[in-house]
């Protein structure tokens, strides 16, 4: 049983003008998730276009999850974890880094726009960096327009 | 490579008779041209069925996991690297393997031959003793090809024809080829614009019938439950919808990152002729460029994604 | 029965013209290989290639097919209720079927259309299709149609059959449907006795040209359990990689898997081809798999075709001898060898 729940599709012309990108953000519980909190507490401004999924570590992020976000209509994906050396589990983000490197190369190769996929290291103390990166991620994705590739729509079958 | 057959039979006989191994994995002559059947031989009197020539292109490393006790297996350069990966990934114990290494001069691309012959019925494809000529015979025709012209694409750009891990060798080690050209398929795609690349892959995989021959022929694909068979969540739909087919191929290829030895089995077995090498070759290329890593070359090091350096590439991360 | 002769140009244009008014399938030469595709006036027919890579079964039984649709929007009147997908089947014609492929539809029919139930999707399409065959002048080394009840010029399952006379095509109606088709086709002239003789001569030569054979005479009487438990299953087919290439290329493999997919607030129930070669095919919800071993799945494919079918439908076997499974198998699992072993066992072992 497939339990996909697609996000709204910006199809109608009027919707395009008012279109805002939808970004799936995977944040590590020990750092970036805290940074988002801190940015909020400090009343730093950043656009609200992302849906946050809290994960125990950036090492938890399998390319499956990123592909799944794109399949369900995400316009962009943002993965953020602890700075190298600061991983709560010592080395989770370092394994993740290699995985992301290879995955990103493949995504570029198959023709997914490079700027739809973002990675960052943001510690729990970096509320300012968080707001900055959030703005950049959203602007980058906004500039690309709505995602068109890999989206799982109603199956085109006979 | 044909003369290897006799040596292989002798080795198999010796190993099985002495009881050193319980089974010997090799090839039996196929009932149709250019396709041999992988076999697991347990009796010394069956060794006469073993063959070796330029059509032994399934990857025998794929068959070692099912076996119990010590087994012997034939391994060319790429196959032996897969055995190295198997040992590294704890799929098989090194001491349970007796690797019979084969310095390999490449496998014949059955599609290239079939394409050249057209719709005529091929009855026999044999190799001349010089090892350089392939003779294709039909009811009323005979055509000859230079082996180097009809090699599989991965064999044309093979850098490591010699086995990297073996217990004994069939024949002499070959000189490692120098100045091996890059994978043209990858370079072609790299030159395209992103939109063009997407369209390219979309149309390339549109023929896919989801038979999973590429997955099953690959020795790396040994997960007890493949992600395409998982439900809750269901990562990939089961129909031939293009988004599902593409997701399957992209994720399958990604799972080969740092593990693929470019044996070409996936591409060879595809019943609808999809050039599957594009994605895995790109990942191999990047693994080499970024980390200087080639899968299965070093039995003592860890797999690419199972290790890290503090100084690893970081410039795409904010 | 009407017989007409068309020049090759007439034949191609007659097929193209017919496609202007209805759905017509024909073998079409594509970049990589020849496949049955809808004729659209722009594609190249290929009536010469003997065997299309995949069988034409998808003409009646598509790989993925919509069955029902549903809405999950509570405001919808029919929310949560399955609605049969509108199909609007129109009459369709398939040209260039080889006789073996044509017979496959007859063999498959009892599975979809019998006294107990009738599968509307398969049966509707089957009944509205006119099957126009093309005899095989030069059978291949993997063809063994003559030992399983078909033949290079067999008319089983066909409404009309064509014969390539070299310069021209001789078309002969076999059924009423076929007669109708001959009337609808443009061009052509009545066949002469000479044409008919030439076709008969070709058919006889082709029959002799089938070089490969299997024996099935012992299979009907052997005890099912004994054959099931025969020793040879365990290690003869070690090489199989358990992909689905053979079953998907096979014209008589009919298994499918029903899946629901949901998209936001609507959904689709569809069926997709499935294969007994896959472990998931029989895996139970609680994890047990009655066919957990590779040899059990290999055995299932051959037993279904050459024992269970024969027993259940008192006919068969469920094989038309096209040899596609042998052609596409990457590990050379040869159905002829399997049947040979089965038959040999049946005659000695039981």
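Just so it is clear, A, B and C label the chains in written order, and each chain counts residues from 1 on its own.
Convention: contacts are C-beta pairs under 8 Å (C-beta built on N, C-alpha and C of every residue); 3 or more make two chains touch, one makes a residue touch a chain.
These numbers were taken from a predicted model, which means no experiment stands behind them.
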Q. Graph of touching chains, which shape: line, ring, star, complete, other?
A. complete
Q. Any idea whether B-C or A-C has more C-beta pairs in contact?
A. B-C
Q: Taking CA centroids for every chain, report which one is farthest away from chain B.
A: A
Q | Separation of mean Cα positions, chain B and chain A [Å, integer] | A | 36
Q.
As a quick test, compute the distance in whole Å between the mean CA positions of chain B and chain C.
A. 31
Q | Separation of mean Cα positions, chain C and chain A [Å, integer] | A | 47
Q: Identify all positions of chain C at which a residue touches two or more other chains, and write them in rising order.
A: 64, 259, 261, 270
Q | Contacts with two or more other chains, residues of chain B listed in rising order | A | 237, 239-241
Q.
Quick check: what residues of chain A touch more than one other chain, meaning two or more?
A. 1-3, 152-153, 155, 157
Q. What part of chain A is in contact with chain B in the complex they form?
A. 1-3, 63-64, 67-68, 71, 84-85, 91, 94-95, 97-106, 108-114, 118-122, 133, 136, 149-153, 155-157
Q.
With touch defined as at the start, can you tell me which chain B residues reach chain A in the complex?
A. 189-190, 192, 194-201, 227, 231-235, 237, 239-244, 246-247, 250-251, 253-254, 257-258, 279, 282-283, 286-287, 290-291, 304-308, 310, 312-314, 316-318
Q: Please name which positions on chain A make contact with chain C in the complex.
A: 1-6, 8, 152-155, 157-158
Q. Which residues of chain B touch chain C in their complex?
A. 28, 30-32, 35-40, 42, 58, 62-63, 66, 119, 121, 123, 207, 209-213, 215-217, 229, 237-241, 265, 268-269, 271-273
Q | Contact set on chain C toward chain B in their complex | A | 32-33, 48-50, 53-54, 63-64, 138, 140-142, 235, 238-239, 241-245, 247-249, 257, 259, 261, 270, 272-273, 275, 278-280, 294, 326-334, 336-337
